[in-house]
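Both complexes below contain chain A, partnered by chain B and then by chain C.
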Partner chain A sequence: MRTMQSQSTDLYSEYVRDWKEKGGKVLGYACVATPVEIIEAAGVLPYRIKAFGHPDTELGDAYLARFNCRFCRSCLQLGLEGSYDFLDGLVETNGCDHLRGMFENWQHVKKYDFFHYLKVPHFLREDSLEYFTDELALMRDAVAGFAGTEISDDALREAIDTYDEVNAKLKRLYALREQTPPAVSGTEVMQVLCTGSSMLGRDFSDLLDEVLEEKAKARVTDYKARLMIMGSATDEVDLIADIESTGALIAADALCFGSRSFWTRGGESGDPLALLAERYLGHLFCPRMFNDYERRIEYVLDTARRAGVDGAIITYNKFCDLHGVESVSQRMDLERAGIPVLVLEKDYGSKADTGRVKTRVQAFLERLGK
Partner chain B sequence: MYYAGIDVGSLTAQAVVINSKGIHAFKSMGVKPNPVQSAKAVVDMLISEERVSWNDVRFCVSTGYGREQVQVEGLSQDNMSEISCHGMGAAFLVPEARTVIDIGGQDAKVIRIGPGGELIDFVMNDKCAAGTGRFLEVQARTLGLSLDELGTVSQGAERVLELSSRCSIFCETEVLHYLQRGHSKADIAAGVNRAMAERVAALVRRVGLEKEVTMSGGVAKNAAVRAELERMLNVRLIKYNADSQIVGALGAALMARRMGGS
Partner chain C sequence: MAEKEIKGYEGLINRASGIYGLLKYFPEDMSDEEVEGILHVLPKDMSSAIRAVMAPRIRKTSLALLKGMQQWFDGAMEARAQGKKIILVPFNFPPEFVYCFENAYPLTSEVLTVAGVAALEGQGERYWDYAMGLGLPDYLCSSNTIELGSALTGADFEPDAIISAAPGSCDANSKIHEFVARYLGVPQFILDKPVDDSPRGRKAYRTCFRYLVRDMEEFAGEELSEDRMREVLTRANQATQLYYDLWELRKMRPNPCPNLFTLYAYAVRYVLWGTDIGLDILRSMIDTVKDRLDKGLYPAEEEVARCFWIYTYYYWDWYGFFNRMEERGITVLGDLLGSFFFQPVDTSSRESMIDGLADTCWDYAMTRQVGAQSMSAQWADDIAYWTSQLDADACIYCGHHSCKQTWSVFSMVRSEIMKRSKIPTLMLQGDSWIRRMTPMSALDEQIDEFVNNVLKRKRATAATEVG
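So, the complex of A and B:
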């Protein structure tokens, strides 16, 4: 865990460096709608693009506007300034327009040999599942061509099994955080997830065994309140640490750098691509999906009840229109369910915001009587 | 037996000492380079000018942006957020208050409180100077007025000039533009005060207004902003019978009394 803490915010981690030195290829993706199983089945490392609160955006601002989400501008900045030169290509999705702007400008400048646009439907219907299955077939062929290999159904099934194993272990990690008293903090969980998002599933699975064993008997006792956090894409380990430094414990989350990346990945299809379509599109609890708010809020409320939280923090990056709009209904529904809410709009990566964030969280804890 | 509260904000620092009867003494000053220096200086002022014996202070709570460092240095025994402290201080001064508008140097907060001053809900401005004391400071400087004058000068305005921008920097450009076109400082100042009130009123609407309403922080001393807010929100802002800038420190002292066992 200590090694992970020191490496969890390294973009080019020791693990990725070793992989590259052995001649391995790396594909960057950003959105949880990307089925990493296809990339892993081709023997390529799926790498989730992160910015870890990188504060500079000058290059990103030259291609995107200042009113684009700063997470996307920070990632673009890192891509353009060379921090991501270890990537061999990008897989874009239409997660949101800010993200698309990031990917397409990045590719415009860097001109990777491999760039694939995976189109993810905005509705969950039978015909959209069929469409997404076709899209996944296109992605499989593109990735196979890039890797110079074939991606067989058996290889896909093996990768799906690997991620089933990873997801089951992550659920055990979450159970350790949800228990009273918890065995891990919210900061530690985000460090684990960020580390894993730069690894092959099979290696992450082994690492999770070590983490679970190390943490099985650990206890976190010095906290005042159990909170849940949800909202925009954020990989800011420091943000969670700042929140927890006020005496809060992030006992649960509905973040896409959190439970939404793995919690529900079920499906019944026998065909591996149709199964992946079900696993991803069928459980994409993101406000970019239309007509699906009821399932999303149920997911949030189930999580909050299961973890027995005292309150919830809805956080979103300035200019994140999807989560900004969603936060209004979410706040009302959570409060209706008796869960007090703090809405925390923040500027991604801004260290100047630290004091203001901590003031608001501390006041929220005081409001909860903690 | 005394209880003390120290509030170190972005522009000013206050210290308040209370006894069983109420406010015993208080001091306010501009901040020093770091919060600990500010806290020490304002406490020293209190000791030397108000003849308060700090040894008789049983418990002290710090609040404001420097609250943690002040506690780490041993000047206070605990710390609370300024949001809770402003609620507590306002409820002490105006027991019927349920909404507190607090506008400090770098932030603006609207706080909903219960009958005992307990925090029910709050909203704080986003990371931007619009709607804070800094906004008024920037515009006053451009007009060549002091902060106090900005409030008084505008009372002689013949009309209120429209400032369309939401941003402090763009607003400064608009103020310059009006000056160059020969508009009176009074008319421009009235526009500045109205623009400020509009931003705060939007914040009030976000958290919801419940009567009675009070206002604390340095901007509460600007009569023109108060009047604009009263008009926009259709509510009377109840005045404190104390300096509006000490409400946070007073709340901290009241918290100290609660925590220190009295």
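So, the complex of A and C:
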């Protein structure tokens, strides 16, 4: 766990540095719709772009605008100022309007030799699955060309198996958090997830074994209320820590850096690319997907019930249209289900927001009678 | 609690349709005295819009447009009374598709907002406030949230279904449509734009469009009739031709096309394409413009600057924005939302017409640019083309706060415009449909400063260099 703590908020972590020193290539991606299995099957390290350090965003603001979400502006800032120079290329997805702008600007300035645009449909249907499967074939060819290798079906299956293992272990970690009393805090889980998002699946799987063993008998007892957190993309370990510092325990989440990235990854196809298409597009519990709200809210409610939470925090970054609108329906449905909700619009990574966030969470805990 | 604040007769569509309904009593040839008389009795907000459209140089066409809008509203009420399905569409979707159905009628959410902002006392603010009261975020797009906020009150004329063509090109637009569809319990039909410029992307889009046809046929309870489609789309093709005729006239210097006509042209595009009323309005515009061209008329002594608005305008002060600008010699050449690349639809068969409609959607304003694989590249390409065609001196970006996708690549686009077309772009900030954010006086000041310090100086420098 100490390894996690030290590496979880380090962009160029010891792990990544070692990988690069051994001649390994790294591809950056930002969206949970990116099948990392394809990248890993090519022997390349898939690296989820984060905005650790919450830098000032002068460069990000010069290209994006103050009406774009600060998470994207922060990532762009880090990209343009050189913090991400260890990346050998980028994989863009059309996750949201802000993300698209971030990637366009980033590539415009840095001009990576490898830049691949994975186009993800906004709905799930036979025709969109077919389109996305073709997209994955294009991505496989592009990544293979970049890595100078072939990506065989066997290599893909192996990578899929690896991530199945990772996902199963993450579920065990989540179970440790959901149990009463929990064995692990929300902050620790976020640290694990952030660390893992900069590692090969097979190495993350080994690290998870260590964490699970270490945490099996641990107990967290000093908390007043069990909360669930959900909302837009955030890697903010600090945010979770701030919330937990008020006496809350984040016992469950529906975040895209969290459970939404691995919880449901089902599929039946024998062909590995078609299987990946099913696993990703078919289980992309993100408000960017249309005609799919019922499944998303069902997932959220199931998660909340399983973890036995006292309330839920819906958090999103200012200017996030997808989660900003979704939060209203979610709040209504959660409250209808008897789960009190705190909606927390915030600026990503802003230290200036810390006091306000804590105050609102404290008030929420009082509302819950905790 | 919020429900009590809006009574049944206070919904945007109910109020606006009532007001536009009065227009049928306006004579075709209103005198200045009659206009003055009306302006004195109208509430302040509406009086401002009427003052703009009743300027003598555009009065005749304005009346044609306003009466066309009135018929559009009446058509919706009649359609509802006849049991037809009212389909709410976004601006980036061709209404002629819905007109192709016998049992369906289109209402365009953003046009309803503009119509409400122009006609209603208090503009659209109460509906915006209602939406905010539900917890929707304050950075949403007022262009659709005002009308949809009214729909959310449960006190207005409601749609039976919503078509959303914005996934892929605007998150704010598509999400609010989704929210309203769920809230009202009506179906939402999706037309997803793949951010893929390849033939594969276009094929996927046509496939998606065919699913939309299937869904709509099922919902309207009718199969699209080839004959009716041909009728509607023949009129749409005629409108396309008239649109291009008007476009040609806008190239003249000084511009004989009044600033407000650029708005009228796309009002027709967004609500009346494929109808005879739409054709009449376009013809009236062309007649007026030709007449002004023949007589060499321009509202100011000199055309000081020809500006192309690279995304959209401000819609809450028509007089202040359109009229006063041209009276200062600043021509509004057009904007992205009112500029198109349509091809006539091949009406030889049902399939060719469906493909033609899908292609029209693909090339629709906003969808074409920010739904492209590269938002900045397609946007800059189109601006470069339009500004060169229209002989623009400058570009202006209105900076509508909610357009996050355009904001996210504006910096690149501005540089490209300067590089390719050698013309500067002024960046403003404001809400295009709500006056609260930036007052017209502040916008005017910035535009005048830009024109006087950048454009005039540029021209003076060029003259010095030559002479």
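In this text, the second predicted complex is superposed on the first by the 368 of 370 C-alpha atoms of A that agree within 3 Å, B and C clash if a C-alpha of one lies under 4 Å from a C-alpha of the other, contacts with A are read in each partner's own complex, and residues count from 1 in each chain.
Note that a contact is a pair of C-beta atoms (placed from the backbone, for glycine too) under 8 Å apart; a residue touches a chain by one contact, two chains touch by 3 or more.
Everything numeric here is computed off the predicted structure, so don't read it as measured data.
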Message = Looking at A:D141 after the superposition, I want to know if it touches chain B, chain C, both of them or none. Which is it: first, second, both, neither?
response = neither
Ask   = Counting only touches as set out at the top, which of chain B and chain C does A:R125 meet: first, second, both, neither?
value = second
Key: Touching partner for A:N105 - first (chain B), second (chain C), both, neither   = second
Ask   = Does chain B (first) or chain C (second) touch A:N291, or do both, or does neither?
value = second
Query = Should A:E345 be classified as contacting the first partner (chain B), the second (chain C), both, or neither?
reply = both
Ask   = Is A:E165 in contact with chain B, with chain C, with both, or with neither (first, second, both, neither)?
value = neither
Request  = Have a look at where A:K318 lands relative to chain B and chain C in the superposition and call it first, second, both or neither.
outcome  = both
Query = More residues of chain A are touched by which partner: chain B or chain C?
reply = C
Query = Given the touch rule stated above, what does A:N94 touch, chain B (first), chain C (second), both, or neither?
reply = second
Inquiry  = Just to be sure I read the superposition right, which of the two partners does A:D10 touch: chain B = first, chain C = second, or both, or neither?
reply    = neither
Inquiry  = Does any part of chain A touch chain B in one structure and chain C in the other, and if so which residues?
reply    = 318, 345
Ask   = Across the complex, what residues on chain C touch chain A?
value = 134-137, 139-140, 164, 167-168, 170-172, 174-176, 178-179, 182-183, 188, 190, 192, 194-196, 200-201, 204, 207-208, 211, 370, 373-376, 401-405, 407-412
Ask   = Once bound in the complex, which stretches of chain A touch chain B?
value = 318, 345-347, 350, 352-353, 355-356, 359-360, 362-363, 366-367
Task = Flag every residue of chain B that touches chain A in the complex, lowest number first.
result = 65, 80-84, 107, 119-122, 124, 126-127
Ask   = Which residues of chain A touch chain C in the complex?
value = 62-65, 67-69, 72, 94, 96-98, 100-102, 104-105, 108, 117, 119, 121-123, 125, 127-128, 131, 134, 287-288, 290-291, 293, 318-319, 321-322, 324-329, 331, 343, 345
